[in-house]
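In the two complexes below, subunit A is the common chain; its partner is subunit B in one and subunit C in the other.
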Partner chain A sequence: MKKIIIAVIVMAIVGYSGRVDKEILDELDVATAVGFDYKGKNKIETTAVVPVINPDKSISNKTLSSIDNLSKESLVNLNRKSPKPVVNGKIEVALYSKKLAEVGLQDYIDYIHRDPSIGTRLLLAVVDGNVKKLLGESFKEYDTGTYIQRQINNNIKNGLIPKNNFHLFLSSYYTRGMDPVLPIIELKDKKINVKGLALFKGTQMVGSLPYRYMFVFKALHETIKNAGYKLRTKEKGKTEYISIQGLQTKKKFHVRNMHTTPEITLHLKIKGYIREYTGEKVTAKTAVKAEKLMKDKVHKEAVSMIKDFQRSNIDPLSFGDQVRSRTRNWDGKKWEQQYKNMKVNVKVDVMILEIGVVDGL
Partner chain B sequence: MSWFKKESKKEDHSLFKVIQHFKKSGDFIDFHNPQSPVPYWISYFGSLIDVEILHRDILPFLNKSSIKKLDELKAALPIENVTVTSDLEVIQKMMLTGSLLIRFTEKDSHGVLVKAEMNKAREVTIPEEEFSVVGPKESFVESLTTNLNLVRKRLPIPQLEIREFLIGTLSQTRVAVIYIAGIANEENINTALQRVGDIQFHQILDSSYIAQLISDNDNSPFPQLIDTERPDRAVGVLAEGSIIILVDGSPHALIGPTTLVKFFSALEDYFLNWQLASVLRIIRLFAVSFSILVSPVYVAVLNYHYELIPKDLMATLVSSRSLIPLPPFLEALVLELAIELLREAGARLPTKVGQTIGIVGGIVIGTASVEAGLTSNILLIIVALAALASFTTPVYKMSNAIRLIRFPFLIFAELWGLVGIAIAFTFLMGHLLRLTSFGRPYLEPIYPPRFEDLKDAFLRLPFKMQPKRPIELQSPDTIKFSGKAAKQKKDIDE
Partner chain C sequence: MKVSVKEQFLISPYLAFFVVHSMQIGVGVLGFQRYVAIYTEQDSWITVLVGGAAVHLVIWMMYKMLNKEQGDILSIHETTFGKWIGGIFTFFFMIYLMAMGITVLRTFIEVLQVWMFPLMKTWTFTLVYLIAVYYIIAGGFRSVVGVCFLGVVVPFYLIFTFLAPLEFANLRNLLPVFDHSIKEIALSFKTMTLSYLGFELLLVYYPFFKKPETSQKWFHYGHLFTVFLYLYLMLITLVYYTPDHLKRTIWATLAMWKIIRFPFVERFEYIGIASWAVVILPNVCLAFWAASRMAKRLFNVTQKKALIVVLVITVIVNPLFKERTEIDLLNSIVSQVGLYFIYGYIPLLFFLHYLMSKVRKKV
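Here is the complex of A and B:
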C-alpha cells in the first residue's frame, strides 16, 4: 500500500510538473525552407516558407520575413508575424543570397548546426538574385520548400549537381585539404534554374563555375551514374551534334612523391552510349570519333578547371585530402604552398558502349 | 454444508428427520411401495436422478422376493456405485449429488445409496473461440466426465493421473488436476495440487474462477494460465509436461505453467507446415505490438515529434486534422473508447442484433464522425486496424489484456511523447519479467534466454528439430523422441 501511495505521488508530481512543451502538428507553422538575404553589414533578412495545408488537401504558401542581426533571432522574430508558432524541424532547404555567401556563411550556418531538430540532410544552395522573391514564388504541385528540395535532389541524382547536403558541406568545410561547393540557383521565368556551382574557401564564396563545366566537375568530384553530354563536330562542313547519354564515370587518384613534391594523376573513365546524332548515319567511325572528341573536350575542360582552382587557391576536388590520406604526418601548411604549383595530370578514357537499336556498329 | 449441520445438531439426529427435511423441497420424491414382495421406501431428488436408470436397473431388482436385506440388494444391483450406510452426512451429500436412497422400513437408520446421476450435458461441438480450419473439431463441454473422456481417450497411458478436488463450500464443484506422471515436473505438480487444494471459496462457476484464485499475481492484467476449449491443445501440452485443470461446469481447461509467447501460438500452427506456421506467428506478434503501440505513437508524434512525420504524409495528416477541435490524445481516446463500446455492445447482444451493432458502429458512427469533423480519418483507420490486430491473438483473455494496456501507453504518450512510450514499455517489461506462472518465469525464452525454447516460440520450427521438451517446464524426462532415430529412418527410406 505504501509503495502504491509513493508511486502515485511520484507520478502526480512528475506528470504535473515534468511536462515537455507540446508541439501539436496542426497547430504549428512548419517551415520547409529558409532563406537569407544580405541587408548591409551584420544585417540579414530571414525569410521562411510555411506551407498552408487546407482541409481539401490543397497547399498554398506563406512567407514570413524579418530583418535582424542573427539568423536564429530573426527566426524567433518570425513568430511575431504568425498566428501559430513557427518551427524549424522540417526545414528542407536553406538558401543564401550570393552576396551573403561572398561575405561568408559562418554565422548563418552555425545556428543550423546547433539546432538538434534540424537534420543534416538539409540542402544548402546559393541564390543568384533575391532570396525573398524566389521563396515568394509558388509552384503548383508542392510548397516552395519541398519543390526546391525535390528539384535539387533530382539534379543530384539524375543531373549534374555534385552530391550535396548540410552534412557533406560541414564535412568538406572541416576536412583539411578540401573545400565545399554549393549549387547556385536562380529564378528564371517563374521556374527555378540551376545556374552553376559556387566555390567556397572555408565558408566564403570565392568564385563560381558555370553550368557547362558541371559535368566535368561532377565527374572529377564523385562518380556519375547517369548523365548526358553534348558534343559538337564538323562533318562535311556542317555543324553536327552528338548526344551521349547514360554516362557513367569513375575516377581514380594516383599520388606520387607525396613527401617531396606531390604529383597527382587523375584517371577518369567514362562510359556512355550515343542516343542522338544530327548527321546522316551513326557508324563505328562516328563512335570512335565521338570518343576522341569527348576525350579531348573533357581533358581540356578538366585541366583548365584545375588550373583555375589552383590559381584561386581552393580545393573543391579534395586533392589535399587525397594526399593527406596517403601521407603520414601530413603538413597542412606546407601543402598550401605546394598546392598552387602542384602538377596535376588528367587521363581520360571514353568508351562508347552502343549506339542504340538502329544499324549496328 | 455448515448451514445444514448446525440445524441438524439442534434437532433429533436421524435419517427419518433428514428425509422429512428434504421433503420440504418440491422436487424431492419419497415413494413407498407396500405391494412388492418386500415393501420398500425409495427417496430421491427428482431433479438429480436419471429416471431411466431407476426404472431399468433398480426397480426390477426391488420387486424380487429373494432380496430381503440391504446387503443383498447391493450385491444384486448392476450399478457400481452402491453403498450401504447409516452415516447421515454421507447420505445427505450423496443424495444431493445424484444418488437415491432405498430403505426397507420407514424409520430404518440404514439405507442403500445408489448412484443414478442425471448426466444432462451439451453435445461435444465445434470449438468456437479457437476454431481452426485444419485439425480436430471437438471442444470441451460443461460436463467434467465428458471432458475427462475427451482427454483420456487421446492419452491411453497409465501415467496419466487425474486428481480430483471438491471446491466451493456451496457449489461443491469437482475440479480435476491432470498431468502425466514422469513427464510433468514434480514441483509444478505440487504447486498446482497445493494451490487448487487450498482454494477457499464458496462457489466455482467456471474455470476462470480457479484461474483467478490460483494465479501467481492476481493484480496483473495478463492471464497467467492459458484457457483453452480444445481437448487436443490440452493433451498437446500435457505431453510436453504441463498441467491442466478441468472444472465441472466449465468448457475451458486451464494450462500451466505457461509463458507469454505461448499465448500467441494457435494450435493450428502445429497442423500447418512450419514455414507457414512461423509466418503466421510472426504476423500475430507483429499485430500485437502494432495494436499496443500504434495509437500511442500517433498521439506522441502528433503532440511532440512533428519532425518524425515524413513530409509527404504531413499534408494528409494536417488536412485530416485541421478541422478537428480535439487534441490528438482526446481524439484517440474517444475513438478507442468508441471501439471498446462497440465490442462490448456486440459481445453482450445476441448474434443477430450484434451484427446490426457492427454495421451501426462501423459505418454510421465511423463515417459520420469523420464527416462531422470529430475524428480524423487517419486515426479512424489506425484505431480500427489496432482493434482488428488485437483480435488475432488466439487466447481471448490475452487479447483483452492487450487492449487494456494500450490505455496506459496512451496516457504516457500524451505526457512525454515517445519518451513516455519508452517509460511505459519499461514498466511493462519490468512487470512481465517479474511475472511467473506456477512459479516459472513468464517471459521465458526471452528472459531467461533459452535458445532451445526459441524453436517453438516466435517461430515454429519443424518437429524434427524439436526432439526435446521445453526447458521452461523442467520436465524430468527431457527427450520427446530420439531426434537421431527420426533422421536415420529417413535415410533408410532414401
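Here is the complex of A and C:
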C-alpha cells in the first residue's frame, strides 16, 4: 500500500510539472528552405518557405520574411508573423544572396551550425538575384524547398555541381589548405537555373566560375561518375559539334619536393562515349579525333583555371591538403607564400570507349 | 581478509566482460574525440591504443591485489592501512563512486536538453530515471549485472550506424601518420584515460564472481572490446572531420548522426540519444550499487537504506548544476580524480599492499 501511494504521488508530481511542450505536426509551420538577403550593413532579411498542403492534396507555399541583424533572431521574428510556431527541423536548403556571400557568410552559417535540429545534409547555395523572390516562386511537383533540394541533388548526381552539403562546406572551410565552393543558382523563366560556381576564400565569396567550366572543375575537384561534355570543331570550314556522354573521370595527385618548393602533377583520366555528332560520319577515326580535341580543350581549361585560382589565392582544388598530408611538420604559413607561384602540371588522358549503336552515318 | 558472499548472489565469471564494458561506455563516448584531438589531431587513434594498453596493466595490478586478498577495496585498505585510516580512504572512494553516477546522469540530461528538449527540467527526468535505478539495484547485484548485459546487447546495433558518415569521409585526413611529438601524445593520453574509467569498480564487485580468479580473462576481453569500440569511433571521426572542425564540435559522435537520413526518420540522433538512455543505465546502476555497497560495509547499515540516501542526494544535487560550464567542471573534476586514482593511487596501493601483506604474514 505504501509503495502504491508513493508511486501515485511521484506520477502526479512528474505528470503535472514535468511535462515538455507538445509539438503536433499539423499545428506547426515546418520550414523547408531559408534564404538570406543582404539589407545594408549587419542587416539581413530572412525568408522561410513553409509548404501548405491544401485539402485537394496540392501543395502551395507560404513565405515568411523579416529583417533583423541576427539570423536566429530573425527566425524568431518570423514566429510573430505566423499563426503557428515555425520550426526548422526539416530545412533542406539554405540560400544566400550573392551580395551577402561577398560580404561573408560567417555569421549566417553559425546559426545553422549551432542549432542541433538542423541536419548536416542541408544544401547551401548562392543565389544570383533576390532570394526572397526566388523562394516566393512556386513549382508544381514539390514545395519550393524540396524542389530546389531535388534539383541541386540531381545536378550533383548526374550533372556538374560538385558534391555539396553543409558538412562538406564546413569540412573544406576548416581544412587547412582548402577553400569551399557553392553552386550559384538563379531564377530564369520561372525555373531554377544552375549558373555556375561561387568560389570562396574562407566564408567570403571572392569569385565565380561560369557553367561551361564546371565539367573541368568537377573533374579536378572529385570523381565524376556520369556527365556530358560538348566539343566544337571546324571541319572543312564547317562547324561541327560532338557530344560526349557517360563521362567518368578519375584524378591522381603527384607531389614532388614537398619540403622545398612543392610541385604538383595532376593526372586526369577521362572515359566516355560519343552520343551525337553533327558532322558527316562517325567512325573510329572520329573517336580518335574527339579524344585529341577533348584532351586539348580540357587541358587548356584546367591550366588556365588553376592559374586563376593561384592568382586570386584561393585553393578550391585542395592542393594545400594534398601537400599537407604528404609532409610532416607542414607549415601552413609558408604554404600560403608558396602557393601563388607553385608549378602545377596537368596531364589529361581521354578514352572514347564506344560510338553508340550506329557505325558510319 | 576474505569477503564471502552467499552462493545465490554470485555471478558467472564470463559476465565480467559485460560488467566492465558497459561501465566504461557511458556519456563520454558521445564527445571524447574532441578532447583527444586537441593535442594529437590525426594521430589520435594512436592515443586510443596506448591508453587502452596502459589500462590493461592497471587491471592486472588490481587482480593481483584482489586475488591475494580475496576481498574488496575495503579489505585491502584494512590490510594496508588498518581499520580507521583504511576506513577513511574507503569513504572517499564511496564519495567518488557517487559522484561518478551523478556526473553520468547529469551529463546525459544535458545532452537531452541541448539536443531534444531544451525546456525539460532536470529534476523530473532525474526522479523518473532514479525510480528505475532503485528498482534495479533493489533486485540485488545479479539484476544490476543483467542490466549491464542488456546495456551492451540492446544498443549494439548503433555500431553500424556509424558507417553512414563514411559516405563523406576523406581518408587523407589521417595523413601524415606519426606527426606529433611524444609530449603531445602524453597529453592526449591523459584525456583518453578518462574515457576508459569505470573498470575500477572491480574493487567493489570482485567478491561477487564465482571463482573470481577465472574472471580476469573475461575482464581483459571486456576492456579490449571497449578499446576496439573507441578505436573504431575515433577512426571514423577522424576521416569525417578535419581537425579544426573536430576541435569545435562538442559532441562529435552525436553530430555524426546528423548526416543520416531515412525516409521515415528525418534525423537519426533522436533515436540514438533515446537509445543512449539504455547505455547509461548500467553506468548509473553500477555506480550507485557500488556506492551503497561500500556504505553497507563501512557503516553496517542495510544496502537499501544506504541506496535511498544516495538516490535522495542525487535528486537534490543534480538540478544544482545548471550551466554547461558547471557540468563541464563537474565532469573534469570527477575524471581528474579518477585519473589520479588509477594511475597514482592504485599502483601505490599495489606496492603498499604487497609490503604490508608480507609484514602481516610474518607477525
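Definition applied: the second predicted complex is superposed on the first by the 358 of 361 C-alpha atoms of A that agree within 3 Å, B and C clash if a C-alpha of one lies under 4 Å from a C-alpha of the other, contacts with A are read in each partner's own complex, and residues count from 1 in each chain.
Heads up, the rule we're going with is that contacts are C-beta pairs under 8 Å (C-beta built on N, C-alpha and C of every residue); 3 or more make two chains touch, one makes a residue touch a chain.
Everything quoted here is computed from the prediction, not taken from an experiment.
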item: First (subunit B), second (subunit C), both or neither touched by A:T283; value: neither
item: Partner chain(s) touched by A:K57 [first = subunit B, second = subunit C, both, neither]; value: first
item: Touched partner set for A:K90, first subunit B, second subunit C, both or neither; value: both
item: Partner chain(s) touched by A:T120 [first = subunit B, second = subunit C, both, neither]; value: second
item: Subunit B versus subunit C as contact partner of A:S325, first or second or both or neither; value: second
item: Which superposed partner A:L28 touches (first subunit B, second subunit C, both, neither); value: first
item: First (subunit B), second (subunit C), both or neither touched by A:V20; value: both
item: Touching partner for A:Y174 - first (subunit B), second (subunit C), both, neither; value: second
item: Subunit A residues contacted in one complex by subunit B, in the other by subunit C; value: 18, 20, 89-90, 117, 119
item: Of all residues in subunit A, those that touch subunit B in their complex; value: 15, 18-20, 22-26, 28, 30, 32, 51, 53-57, 59, 87, 89-90, 92, 117, 119, 146
item: Residues of subunit C touching subunit A in the complex; value: 114-115, 117, 119-121, 123-125, 127-128, 131, 168, 170, 172-173, 175-176, 178-179, 241-245, 248, 255, 258-259, 261, 266-267, 269
item: Subunit A to subunit C touching residues, read off their complex; value: 10, 13-14, 17-18, 20-21, 89-90, 116-117, 119-121, 163, 165, 167-168, 170-171, 173-176, 321-322, 325-330
item: Footprint of subunit A on subunit B - complex, ascending; value: 301-307, 309, 311, 314-319, 321-324, 327-328, 415-417, 419
